[in-house]
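Chain lettering (A, B, C and D) follows the sequence in which the chains are written, and residue indices restart at 1 in each chain.
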């Protein structure tokens, strides 16, 4: 009798706990629905509102001449201005430089600067600042990470306050694009840079940009506020005057699940670095929608040809490389892990100057049977019947390197399965980014997954020119013919000739199967409904936030009484858990 | 006085310990492949840029020179500048350390405030229905993986019910915003050490209740409540206090997962990220901070233990 | 002579319900103590004498222990009927108790002064501290503790075994109880200290006038101190009488064997006669007379079957054995 | 403790049998995984991707369409081996050091214990993190990382039990009759350390498994596509909303296994550690 009484008490206690929790939820639910509906959305841009954005990695620091990490670029684009910027159609548009002329032999560039721009510290913007910035980047003791972009510049002359002359050692047709691209062309204020020295960009930053640096808590938050006197915005942007937003705050949230939840809870307005897997979730969530943009983000598997420091690669044999290219199910990856991505047929994104549709007929498509044939012909047969092919004693098990992020691992796991269907084994080794790149340069691997964003065709130079051998040309592909053609792409002034040489390089890469190009990724932002972004063009700029504006929104009110219900919940779960266990352990 | 000598002896021991911790850390860091220069420079940067960056960060100097500078600089009080943020390490650490201490303290307070009464009641009502509830609940508590509790809390509280924010720190705990932000991570941390405290209070209370002096106290005609509070509790809490101290140290060292999931800007997460980024000065600073907190807590625990239990002399 | 006894225990029986079964620790214990008298409750360890003592003050933990029957009359009232609140009034004030192991009977983390003054504050409701302190120091000095004033702040671990036992006695007698129960007070002390404690307890009767229930397994101690002796075996009182009668002329076979197995100075016996067999297990006691398996004078088919009653031989002289009750 | 008494205490005690049965179920699942699992754990099938628990897939499918139930069965092998191997590593080396330190005393004791202090003062997860980052992600490295954390705990435990009996007369007696220190350690010292070490290693296996899961969760565990519970939870984090069961099932499985070890550890402590038996 005593036993039965105890079990009834237990069940009673559990039901009470559940009741409390359920009532807590219901109470909360009603409150939400009775919230006043948001007033009708105003048509034109409304100025005001603090804009909060969440990113995965932290900003390094804010001196454009000394940092080049992606996260830092988002912030420096708002604090500094560049001479020229990309228009929506990826054409070069004027910004701080009103106009510019290029000499016929491509050795001299003359920029005429705007006269109304001013630095945040009040100093007027003159050509002296441009010379100071470029000299600082090229100065060897500064160890600037972006010095390699300006290798060809001889020197910079400033005849008067508002004209800048750049003389080149060798012609480089891509100089303007390099300046426009990301933060390489941003101009720093000489006075502040000298004044703060080492701490410039760390504790203070001064440029001509639409926002001024305000505060920073390393590893968690960074805030910039509106620059009221800003009237010299680039003409191609929708708003050239002071930005609509009062301030921008970047919050560092490494965990993607948490970023999404903060977005849906309304604590942030925009979430960057959303992986494609969460696209479905963003679509159904209330009050939030995904904003898809096409960054020039090319995913590819890079093959190793030459011997590494300790290991000779299996992919030295071209047939293995071709078989791998045939065996990878690119559509399958796109369908499951990369919704919205488009199949890559060559190195260059269709919207990048230098892309040529003719490359399509050289590209290999998914054909496992063909892959098996190629392997059979090359003598890779499965002699010991263990499921993977081998040849004169060496098992065909590729060593693949990847990063720990979920999307990277998913793609590699999918490829591993695809390759196993045609008898090629693959061991996946996960390294965090610091060791990934240095090990990749050492070369003791067969294949590694890589994704890189580059807005002009110059990427081919870095990937295939022998001068770039240990890195970033990690294949490494050393071939005079390719070097000669690549030199033309940079030096010649005739655009058709550059187009043909770009095409030649891409065809060479596909024929020698140096890489297995997968797809161009569709970038995803999670954006809350009350945010309006005029345009996001391919180089992932949010046109430096000038055009973005926010509707006045009612922030979510969260009932404080929920604390009690919360604790009841944990107690309830505990009681339920242990009564189940107790009943379980009571049986004889 | 004996106590001061004892504390001095313990504090003196910290100097060699820091030296040993640093050496072990330095060995580990030299073995880890890859370095920060590769990370800061874009993947497309040629090797010269990476060499230049290594030069600037002083990674090119021979290992011995780096080691000596690495170890002695702590005693000079200069923890150096973080490779990534280029801010002095001490500036970054102070804020992050306070955040972590705040989170762990609130978590531990919840666990203690809930744990000790539960343990005492379970001991008094031994083998009753209530006692068996608590025991199975405790087994449940110590077996569940922490990240599971946290993910579920985020899913249920953060997402479906939306009662509490699940990320960032809203400010100090005396502000409403600060409280709202700390409640979920603190509850999760509390849930794992709550079970431990309840179990320990119960067993030490049972030990004490079976002692002879409790019988003497009862034979004096004292009320049961008085016997429990003045006589039994004081004795039972001595071992509990030591374990709470050790638990605090254990919890403080293991907040990495909680801080990563709840995006709490604590020192655990800072260590994790700095190891991923190979930012040596930051790693060294963070690990030293955690080690120092560990030592201070253990010393405090021993002092409280001595203070509570008169029988033990300061050996 | 037959004025009402201070404490009378009649047919007390106590069981313990533990996981392995039921232990009947005490089956039929009866004895009485008159005012200003010292009764010795003697028996081997495990015969239930401590349980009897604890059940007088109802100090047994209810869940495992349960008092099955019998009555404990103290000044005419049955202590078993009293409520928790009433019994607490009696503990420390009317009846108080000291225990066997002084090392663990004092709370290690509370000062001596505090522990001794607790019953004083509780029962004699002396409110101001000065009054309490004076009374504590006085009772401690009375028990022979040197510089009592200075010792109040010290902790039990600073005291020796004998000193702690004196403190225990001081604590017990601080409210002038009329009955002191001493559960083997001298067993864990060495002989010289034992003598001092025994002398102290003898003086108690003279100065304070309280009667004492002394529980021991050592006949020597009982002989020195007690007026009357009750012998217990396997949960039952088998013999009761004045100390002289029981020691000089033991009636019950168990008492005889016990006395015979103790070495004596005046008589030189080559070999001591141990009692054959061993103490019965309290979980399944033999039926009939509990001692019959070990009894040299066992009568066929009466001792095994019939449970002997406690018979009155002469005034104040009882024995539970078939030999005397034909 | 005679055999009989352990046996009867063992059978009569319910929670010990619950613990043992949990462990047995897991061992059977690990050993007979190929027979029991309905599907090949590595076989991908993208059309049934992320589908909920159904008759065909008892625990639903993950982002590659692999059957979660069979992956959990195969995962049992890895998780249990990591847990037990890490504890064995800690037990053998840790208690070895502890016994030597305790028995020898003097300088060796001081040096060894100070070394253990150093290991203790670096938090467990950070130490594991550094070891895995240094040696790369693989099962042996994980075992090493978790084992190193267990080292100081075992050393301290075995040292304290050695010290407690070091001063006992029977040790001096056997020294007096000339037995060399190795035999003394082998017979007397080890016997005495046996029960606390047994209890501690059972309980520590539980926390070793939890640590392995935490390491995988931080992306420092085994490389994909291995079927390991911690990795499965880590990968499923992104699908927390779409497919919460992907996180719930592996975590529940970890919970029940750790519960089993805790149950056994507790009852062992009650049985073998006289001080606590009541």
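Operating definition for what follows: a residue touches a chain if its C-beta (ideal position, glycine included) is under 8 Å from a C-beta of that chain, and two chains touch if they have at least 3 such contacts.
Nothing here was measured: the structure is a model prediction, and the numbers come from that model.
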Higher-contact pair (C-beta pairs counted), A-B versus B-D: A-B
Middle chain, criterion being Cα centroid separation: B
Reference chain A; chain at largest CA-centroid distance: C
Separation of chain A from chain B, taking each centre as the mean of its C-alpha atoms, in whole Å: 35
Chain B-chain D separation of Cα centroids, rounded to whole Å: 22
Distance from the mean Cα position of chain D to that of chain A, given in whole angstrom: 40
Rounded Å distance, chain C centre to chain D centre (Cα mean): 53
Junction residues of chain C, two or more chains touched: none
Chain B residues counted as touching two or more neighbouring chains: 32-33, 139-140, 151, 154, 159, 260, 276
Contacts with two or more other chains, residues of chain D listed in rising order: 133, 237, 240-241
Chains touching one another, given as label pairs in label order: A-B, A-D, B-C, B-D
Contact set on chain D toward chain A in their complex: 14-15, 18, 42, 44, 46, 49, 63-64, 133, 136-137, 219-220, 223-225, 235, 237-242
Chain A-facing residues of chain B, complex: 32-36, 38-50, 52-53, 55-56, 82, 84-87, 92, 95-96, 129, 132-133, 136-137, 139-141, 151, 154, 156-159, 161-169, 176, 180, 183, 187, 191, 260-263, 265, 269-270, 273, 276-278
Of chain C, residues touching chain B in the complex: 57, 59, 63, 88-93, 96-97, 99, 101, 104-110, 118-119, 122-123, 155, 157, 168, 171-172
Residues of chain B defined as touching chain C within the complex: 126-127, 211-213, 215-223, 230-231, 234-235, 238, 308-311
Residues of chain A touching chain B in the complex: 6, 9-10, 13, 24-25, 28, 32, 58, 60-61, 67-69, 140, 143-148, 198-199, 201-203, 217-221, 251-255, 257-259, 261-262, 264-265, 267, 431-439, 441, 450, 452, 454, 459, 462, 468, 470-472, 556, 558-560, 562-563, 565-567, 569-570, 574-575, 577-579, 581-582, 585
